[in-house]
Amino acid sequence: MTSVQYGDAIREGFQYLLGTDPSVVVIGQGLWSPWYVGNTMRDLEHKFGKDRVIDTPVSELACTGAAIGAAMSGYRPIVTHPRVDFALLAIDQMVNQAAKWNSMFGGQAPVPVVFRLIVNRGGEQGAQHSQSLYSWFAHIPGLRVVTPATPADARDLLIAATFSDDPVVYIDDRWLYDLDADIGVPAPVDLSKIEPQVLRQGSDITLVGFSWTTRLMTQAADQLALDGVDAEVIDLRVLNPLHLEKVFASVAKTGRLVVAEGDWSSCGVAAEVICQCVTELGPASFSSAPARINLAQSPAPTSRPLEASYYPTVDDVVRAARASCDANPKTEAVAQ
Amino acid sequence: MTSVQYGDAIREGFQYLLGTDPSVVVIGQGLWSPWYVGNTMRDLEHKFGKDRVIDTPVSELACTGAAIGAAMSGYRPIVTHPRVDFALLAIDQMVNQAAKWNSMFGGQAPVPVVFRLIVNRGGEQGAQHSQSLYSWFAHIPGLRVVTPATPADARDLLIAATFSDDPVVYIDDRWLYDLDADIGVPAPVDLSKIEPQVLRQGSDITLVGFSWTTRLMTQAADQLALDGVDAEVIDLRVLNPLHLEKVFASVAKTGRLVVAEGDWSSCGVAAEVICQCVTELGPASFSSAPARINLAQSPAPTSRPLEASYYPTVDDVVRAARASCDANPKTEAVAQ
Amino acid sequence: MTVALDNLGSLVDPLAHREPVAIDGLSDVATLRWFRSMLTVRLAEEAIAGMVESGEARCPCHLGIGQEAVAVGLAEHLRPTDRCFGAHRSHSHYLALGGSLKELVAEVLGKVTGCSRGYGGSMHLRAPQVGLLGTVPIVGATVPIATGAALAAKLDGRGDIAVSFLGDGATEEGVFHESLNLAASMSLPVLFVIENNLYSSHLHISLRQPNDRVARFAEAHAIETAVLDGNDIGIVSSVTGEVVEGMRSQPRPFLIEAVTYRWRGHVGHREDMDVGVERTDNLPAWKMRDPIGRLEVSMNERGLQEQIATIRDSVAEEVVEALEFARSSEYPPLDDLLTTVYSNSERP
Amino acid sequence: MTVALDNLGSLVDPLAHREPVAIDGLSDVATLRWFRSMLTVRLAEEAIAGMVESGEARCPCHLGIGQEAVAVGLAEHLRPTDRCFGAHRSHSHYLALGGSLKELVAEVLGKVTGCSRGYGGSMHLRAPQVGLLGTVPIVGATVPIATGAALAAKLDGRGDIAVSFLGDGATEEGVFHESLNLAASMSLPVLFVIENNLYSSHLHISLRQPNDRVARFAEAHAIETAVLDGNDIGIVSSVTGEVVEGMRSQPRPFLIEAVTYRWRGHVGHREDMDVGVERTDNLPAWKMRDPIGRLEVSMNERGLQEQIATIRDSVAEEVVEALEFARSSEYPPLDDLLTTVYSNSERP
């Protein structure tokens, strides 16, 4: 086990893929530039050739379509959009084409393509350089969506996504690139077998995060522990198809739930998790109202103090968890 | 009051707008053809001129951007996409540009544009000619989203959307074009004041729909009444910003909730409604688990029997409502 | 500063280009093959038109009657390892490449024996065994996909090419231009085949573009082009034959603009209406430029009347058999719906 | 069948086109106005570069140092009722049109006194009172928006035009081509002004396109074009003056390709790096084609040294004042955030 940062772990994933499978090609705007992709692609174009690590014109839609076409022709392309915002120009190919292709042709036409979208925000970049839109992709049947929160997942879920025969949206977050952890050697896993992961066991409350908010949840749990609140932290990892059995089991145990999502609340992933927990477990399983934590419901501002107030913090989670633990709705229920 | 069909009511809205406000222009692909827009634009290009009712090349993104540009220059354009699926090519302009423009420029740059998207599905049209994606637009701060379910709303919310100074996504549904009702003369209303509407009062269970599913809910309520179940039916009308006070009040009264949405479940509008009801009212307000009804979680198939199984029916609602009424979770809660 | 652009000139004149197809030097076998293939498309589509009219076929059907020569003239130069893509009006592409007629009709009727197992209907055809990797109705969508298939072909290095069939309307989608640039800057072996039938649904090209010759877009991207009479299978075949050969030996893009005309409305069986709008064009004149009729005249001159009659009977019979096959087939089983979403049959 | 396309030829040669700007026949006042305006852009951007280097400015800043002549040469022919749009590299557009320097610097520092009330930073500038309706960083996004503003101008019928500033990279976005077609087929008075600086971030145009002359795209859409030395304000001004006049009297699109060069990296203050990639181009040679320097040589020849010195001092002082203004301004109040989303201040 060596300690590896999230950004480097992604690069290890690419290196593994390009080194072991000649059908893997990477295509996208900015692949040869750290401004666009951080250190995640460093030197790979020299190591594996510019015909397999392809930097492109500014043509998001055609490049995405081209990756899809290559995927239908024996390759396993990974198309990279250095910001989720830019991928909005490629939505037709992702959602109308790749997501539906296998189904439109009766289950006989798989499209093994990866759409790697990078969440790159903060730094006063503003409204068009900030989005994540997880729930958009989680909404679409036919897409798989993975949102690694740890260096190990950053590498291994990239590999799993590439070896999946389905179109996979792989979303990594620049805010996690410096997160480090000990990880072993890459071992290919079947993406369809990946489940949410319990990162911390606890009995008082269930904290659910994914991608960047998993980090918030872990830090909040540490802080809550100081106050004697024993939080269970679950990282969702895969948002589509969403398998929540572990979350159900946890909430059945704790009776309390806070979900954090680095995106807007309305019709978001947190809404889906809370909705499923309530419809599956029934309201009586809850000791208090579940809660969610999201971005402020506005486009991202630039100005530093506005930015600071825009993104949720560990304190927000701690506050919500405390409020949940302080409430005593069972009494209320009887009173009603 | 005269009886008017939903499709004709939309046309009345356009006629009112074009006739009373010279700044209104309509632009979109297929405006001169009933195949694309049904009877909703019949002869308007002749009545108001082809420079105000503009049929376009097949260029969704540029046409949408052009409408936005005209909206910044003193006009109130309505850009029409004859299928939601086609609008996916215009997502950048809708979501990155129009939705964020006012905020990006500090609240000083309103964009009074309407994006009219038509849900046109069934008839074995298949996966790329079937989508609605309500929740995508409901997710985006800066957009307003209206989904008329009645002829009166089809006309009046179109007028309200056009006179709103914000970008509005107006989604009408071809399946409702033959729905008729008595409606009065058009009276401009302030879109930001529009709330969900209680279409039927009831005390046993709350049924929430919007657009096409409101019709399902009303029919289901009639059927449930025969069984002695007194359902309250609420039509959401506006999905963004979503104002659920009336739904909260209803659920607080009935303790039971079924939401139906003509779209996929994951991260959908029904998830949002259920999540908000639970987080706002608390789980103890529910007498049984809330439930949602959605499309089958797959791309739309073509084959007739598959299509029939794909879309929810009145029976599905009735079944879910009965199940909810039969459950007795208060006892369970005590038992736990 | 000023712009002088060629337009299509006499190629759009229905009174011109009515001459019989030049078949001198061509064998009877080759000529008859063209005839049979075009007639298969024609009779199949006429049968589908009948099923649309009767209500038996319910999915939207976009018929290419009148445009048969383009796909047929090209197809004989292609091989199964090439990768072809079409759009909403692709019966001719499917059949010309050798897709099963039975499976086409079954697909149109939504049967599980269809080429897409009844999940796609007329607008979603696929026959990978003959190189057709997919046709879908979002206008322009398969253009970059074909471009990517060409990238794969180039990486493979075996001389295969990709073919993107599209219409004049599709050239208005930005992704077409992005794809031209990708193909040109990366030298990808993709053949863009534009069937310019002058219409996008109800709108004539003069209402949508400043010039009717869409090959100008490829020229702007430094891509070689050929503009030709798409109703003359002799011309289509000889030009595309040379082009395809060149692309195999030296990978690069090429664009063919084949001027042609559709006889039926944009969608459905009618000849008098386009998407609910009455047609005012000169269809009778265009019918005199019938690609099949022009070949038949030459064949008659050569004395192939008898063979023509035999083929007619044989194709007609095949169509009847295909209809029977489709009608007697089953619909897809209901519980399949959720297992066709992901490749491993996982339910979403 | 073959394609012969002109390329930019000597226009991309940094050793060519170094001649002084021809100002014969031009008044001192006019010449000094050009100088002042270009110098304002230059010194403002150098000051911003300094604040980026020191960390005081945190938002991404894309500097147009070296490209000043394009916007300045055009701006004098525009009026406030015209509608201009830019992109990520638009300080020069904003200042040339007459946007407030103080509000620009305040915006870059995220202050509420900024032109976008501190909500946009360098990449989101707006000055509607002088006709700048918005600049945003999604590449190509304002091209169709400008086209729609031209539609509005045409409907208004008062001779106003729209201007879309974009780069060579933006011509790779499909929406640019869609917009050209809309503008051409509807005869919309939109002036596409392409600052072809040969780069899209770290990639030279030869790595992205088959030809470096992007005016070919407009020609393919039957749109008139002028390709010129964007570092010669005399040429820019005389050509655009005539073009704008023509568009006002007869609404139609036009495309100017102004060849120029950026001196700083794609983003940020450095001259040696583009987005983390080391630069290997011949920047020193390009600096000899300095648009300001070339004008200054002519002005010196005319004996305007003294006036030049005065302007230098005055502009430098304005920049200092703008920095002070910006630094002493407040950040936007926090509770504004949710009331800027909708026009009626409704909270989402």
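Order of writing sets the labels: A, B, C and D. Residues in every chain begin at 1.
In this section, a residue touches a chain if its C-beta (ideal position, glycine included) is under 8 Å from a C-beta of that chain, and two chains touch if they have at least 3 such contacts.
What you see is a predicted model, and the numbers here were worked out from it, not measured in a lab.
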(request) Could you let me know which interface, A-D or B-D, is made of more C-beta pairs in contact? (result) B-D
(message) From the C-alpha centres, identify the chain that is farthest from subunit D.
(response) C
(request) Return the distance between the CA-based centres of subunit C and subunit D, expressed in whole Å. (result) 45
(message) Measuring centre to centre with CA averages, how many angstrom lie between subunit B and subunit D?
(response) 41
(request) Averaging only over C-alpha atoms, locate the centres of subunit A and subunit D and give their separation in whole Å. (result) 38
(message) Just the number, please: Cα centre separation of subunit A and subunit B in whole Å.
(response) 29
(message) Quick check: what residues of subunit A touch more than one other chain, meaning two or more?
(response) 56-57, 59, 61-62, 85, 89, 92, 96, 103-104, 126-128, 141-142, 240, 297-299, 301
(request) Among the residues of subunit C, pick out those that touch two or more other chains and give their numbers. (result) 112, 118-120, 124, 136, 138, 141, 172-175, 178, 181, 185, 207-209, 332, 336, 340-341, 347-348
(request) State the interface residues of subunit B toward subunit C in the complex, per the touch definition above. (result) 30, 32-36, 55-62, 85-86, 89, 123-129, 296-299, 301-306, 309-310
(request) Mind listing the subunit D positions that touch subunit C in their complex? (result) 1-3, 5, 172-178, 181, 184-185, 207-211, 216-217, 219-226
(request) Please name which positions on subunit B make contact with subunit D in the complex. (result) 25, 51, 54, 56-57, 59, 61-75, 77, 92-93, 96-97, 101-110, 112, 141-142, 144, 164-166, 192, 240-241
(request) Spell out the residues on subunit C that touch subunit B in their complex, using ranges where they run on. (result) 58-60, 110-112, 118-121, 123-124, 136-141, 169-170, 172-174, 200-203, 207-209, 266-267, 274-277, 331-332, 334, 336-338, 340-341, 347-348
(message) So in the complex, the part of subunit B that touches subunit A is made up of which residues?
(response) 61, 85, 88-89, 91-92, 95-96, 99-100, 103-104, 126-128, 133, 135-136, 138-142, 240, 242, 264, 266-272, 274-276, 278-286, 288-292, 297-299, 301, 327, 329-330, 332-334, 336
